[in-house]
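Each of the two complexes below includes chain A, the first together with chain B, the second together with chain C.
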Partner chain A sequence: MADGSALSASLDLLAYSPPGWGANLLRGLGNTVLIALGAYGVGMFLGTLGAFGKLYGGPLMRDLLGLYTTMVRAIPELVLILILYFAVTDLVNQALLAMGYDRIQISGVAAGIMVLGVVQGAYATEVLRGAIQSVPAGQIEAARAMGMSPLLVARRITLPLMLPAAIPGMANLWMIVTKDTALLAVVGFNELVQESRQAAGTTKAFFTFFMAAGVLFLCMSLVSNQIFARIEAWANKGNKRGGI
Partner chain B sequence: MFDDKIAKAQRPVAIKVEGLRKSFGSHEVLKGVSLTARTGDVVAIIGGSGSGKSTMLRCINFLETPSGGLIEIGGEAVAMNATGAPTDRRQLERLRQSLGMVFQSFNLWTHMTVLENLIEVPVHVLKTPRAQAIETARALLARVGLAEKENAYPAFMSGGQQQRAAIARALAIGPKAMLFDEPTSALDPELVGEVLAVIRALADEGRTMILVTHEMKFAREVADHVIYLHNGVIEEEGPPSAVFGAPQSARLKQFLSSVG
Partner chain C sequence: MSFADSIRAQMPLRRWVMAAIGIGIIAYCALALNWSWLQTPKYQGMILEGVWNTIWILVVTMVLGFILAIPIGFVQAAGPWYLARPAQAFCTVIRGTPLLLQLWLLYYGLGSLFPMYPWIRESDLWPILRQAWPYAVLALTLSVAGYEGEVMRGAFKGVPQGQLEAARAFGMSRWGVFRRIWLPQAVARVLPTIGGETVLQMKSTPLVATITVIDIYAVASRVRQDTFIIYEPLLLLALVYLIIAGVIVALFAWFESRLPKRIA
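Then we have the complex of A and B:
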């Protein structure tokens, strides 16, 4: 029975301080959470603007936003990451050189947040557009009738009222972005999966490290579920039966 | 009554509508209707469904964009272009703040408590200090018999309670005139009375109001002036005693007999 010794060997490999790789995995987890939070924030911002633009914007704005959501949602995230990370960085640098500036080195974190944020924004636009349309027209009318400006109506009435319809979809997007961070491994960014792969490659303990990565992803999603459940209950405080 | 009429002529005009037209596509809903409400007047608009009465009311605060005509609120004409669209958003918002609107389906904001509904516009639009807005709101809630409900969410209240809260919300902005769009039509019959009692009390204290209603008996009791709309034109108008007591046109006679 080698079980006992195999388990203790695995635990040694996962120990926090070297020769264990625990610190590396946690650093990877930290990067993953950082990028996911950043991209989710960017995505929500772009999505809110995109949703209002698609619903209330002029024909040109609607066409441009349609192009954005269609293209981003049609192209695989991996391809988008490669395009945006390499091609866009290159374009920016060529432009900078042409204008007489030095090349800039875009940090992995910033690039990851930007790339995944743009992807998230396209999906969030559609989620939020649907949610805004679920807001009863009468409540918006009541706000307009009492002299609220369009911006105030959006902020005080439409946005909070659409939350119950938006949260399930937005929770999905959060789950997706936490896992999409793994795609940044292709551009050499040290998020959780990349750290696990390096540890596994060095020690040949593939099962141990990829299992550990899986467990960390699972923990992240369990915590997120709790948080979203609370937000959902709060957003539904004015609704009967806790839903719309 | 004669003294009353002289006094009436001297009161300032609160709402004036002249030659109002409104089309939805090729369908003309209002074909040039006019109305004058002086301060303290209660004007009732009656008519069958599709007569344009709600549209006429909703054009006054531009919830519907008129297709033509003139609208004056407190002596100030709402700026609009040749097609009837408002051209000065800030002016329109300012004028809307002087009109308290009550809807058929209440339209309370469901994510806010009753008290939050009442202080929303005073605090965020009119910039009333929060404490003062809350004090005013509580007094209004007590007036409409909802003092106990200030922390309730609208979805957990009866239709009659919601409509009374909605009236209090409209009053909370300190309006110069009230617009009622069929305020009892969505209510169960046993809840109509409590809402009408609140509206009647407002009429008795001399509030200017325009009331679109199906409650003929109520219109007869509270209105100073009744307008009967049919197919987008004013078929007949006058004091309630004339419109209800001695209708002239065949259509109004038929309408009054059909609604009982």
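Then we have the complex of A and C:
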């Protein structure tokens, strides 16, 4: 079966220019990275707000945030993607109609970034909350005693000091979001998995294309690992080994 | 603390208000939305079947995956390199690629290769291999094995060397040490995380609907296609998954409360 001709036929299918499907796969990879980056950014923003809200917010704020993180962590991403996609498109369009504008079609990229960002935000809230708690209370109290405003304390003291504790968890979340982009294939968005499925469906070479997509995902995760190892070394620069 | 006091501590005014709003939303959903499809016996049967499929796939893949994860973790922690390296590579590949892709690779990829071999088609296994669920179970099991294998590696490494040396000094065989000391202590270390892993695995189960296995997600999609009702089946779906997640968390909390907390 797996003789030379089969191998070269597979390579022909993966060639960059048509009739090869390499360009399609790379375009899918580009979309995957774009959505992952966007969702990660949204998630980090929501997570920072959520973490500060959970730690320093009023009781009502804490209960609401608890509801948000619990719901997102208990309902499958696939279901959340469908619910948020339809609900948000509907709400935006109703608001537009009420204001006298025409309905719009929300682009797949924007919807994907928004939905995965909301999911990421719930997990990032928990990661960052734990990291903020690892900052010694004395440091924050000292900064307050110097007369810094809460925002300045966050920017100068809390955020830099929590970084070493936050990075392993945030690296993990990046890995999760790159893989979660695959779920958008189910709603028909052209990211890497969907592109490879289309290529495979046309050529019937399912094994070749899904393997190729897998290799691309693996490369992405290996490269990300390297980058996060660098970032972790950088964030830990000030820390002596062995603690205290 | 009396019962009334504990109620007061758990339920201050704002939580009563939140609960009231929540009940109001649920009541609005129940009354204003279109749930007529729930009354048709056809869909009732499908929903029950879908929930059952989701649950058995979850339980079977968790158990099989965990059984596979034990040797995968062990050879990485204490095995020779020719076993440790492949196990490590397996974990990297499983954890580095999306489960959806693994599932499709197995179902469409293997599924398109198998019919080319006459001896597979003529074998007794063929009626099973033609269905979708074996591929769903295989993919989800390998996923658990990959993620838990990594966890088990750390757990096996975390068992203090002195425990193993003491067991050897008692004259236990190597297998005896593994069975009576090493494995139980490693498993005790990962037990608190398994509840969370089970919830994560539950969140992966709807992917099997993409390869035509009829789980609760597939049933909800079917209802949406048949009736053109958009939100209601999705809300039911979210409710079902919330309930399953709640049951999993409660089960593991009960289970953990019955285990000794001290770890050597």
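Assume the second predicted complex is superposed on the first by the 236 of 244 C-alpha atoms of A that agree within 3 Å, B and C clash if a C-alpha of one lies under 4 Å from a C-alpha of the other, contacts with A are read in each partner's own complex, and residues count from 1 in each chain.
The working rule: a residue touches a chain if its C-beta (ideal position, glycine included) is under 8 Å from a C-beta of that chain, and two chains touch if they have at least 3 such contacts.
This one's a predicted model, so the numbers in the text were calculated from it and none came from an experiment.
S.K.: With the two structures overlaid on chain A, would chain B and chain C clash, or do they fit side by side?
M.R.: fit
S.K.: Classify the contacts of A:146 with the two partner chains as first (chain B alone), second (chain C alone), both, or neither.
M.R.: A:146: touches chain B, not chain C.
S.K.: A:183 contacts which: chain B (first), chain C (second), both, neither?
M.R.: After superposition on chain A, A:183 lies in contact with chain C alone.
S.K.: Counting only touches as set out at the top, which of chain B and chain C does A:160 meet: first, second, both, neither?
M.R.: In the superposition, A:160 touches chain B alone.
S.K.: Contact-wise, after the overlay, does A:73 reach chain B, chain C, both or neither (first, second, both, neither)?
M.R.: After superposition on chain A, A:73 lies in contact with chain C alone.
S.K.: First (chain B), second (chain C), both or neither: which does A:87 touch?
M.R.: After superposing on A, A:87 lies in contact with chain C but is clear of chain B.
S.K.: On chain A, which partner's contacts cover more residues, chain B's or chain C's?
M.R.: Looking at chain A, the partner in contact with more of its residues is C.
S.K.: Considering only the touch criterion stated at the top, classify A:98 as touching first (chain B), second (chain C), both, or neither.
M.R.: The answer is neither, since A:98 touches no partner chain.
S.K.: Regarding the shared-chain residue A:138, is it in contact with chain B (first), chain C (second), both, or neither?
M.R.: Once the two structures are laid over each other on A, A:138 reaches chain B alone.
S.K.: Would you sort A:221 into first (chain B), second (chain C), both or neither based on which partner it touches?
M.R.: second
S.K.: When the two structures are overlaid on chain A, which partner does A:237 contact: first (chain B), second (chain C), both, or neither?
M.R.: First partner only, chain B.
S.K.: Just to confirm the geometry: in the superposition, how small does the C-alpha gap between chain B and chain C get, in angstrom?
M.R.: Distance of closest C-alpha approach: 17 Å.
S.K.: Sort out for me which residues of chain C touch chain A in the complex.
M.R.: Against chain A, the touching part of chain C is residues 12, 14-15, 18, 92-93, 95-102, 104-105, 108-113, 116, 199, 202-207, 210, 217, 230-231, 234-235, 237-238, 241-242, 245-246.
S.K.: Residues of chain B touching chain A in their complex?
M.R.: 61, 63, 89, 92-97, 99-101, 103, 105-113, 120-121, 124-125, 153-156, 166, 170, 173
S.K.: Considering the complex alone, what residue numbers of chain A touch chain C?
M.R.: 1, 59-60, 63-64, 67, 71, 73-80, 82-83, 86-87, 175, 179-183, 185-186, 193, 196-197, 200, 204, 206-207, 210-211, 213-214, 217-218, 221-222
S.K.: Of all residues in chain A, which touch chain B in the complex?
M.R.: Residues of chain A touching chain B: 136, 138-139, 141-149, 152, 156-157, 160-161, 163, 235, 237-240.
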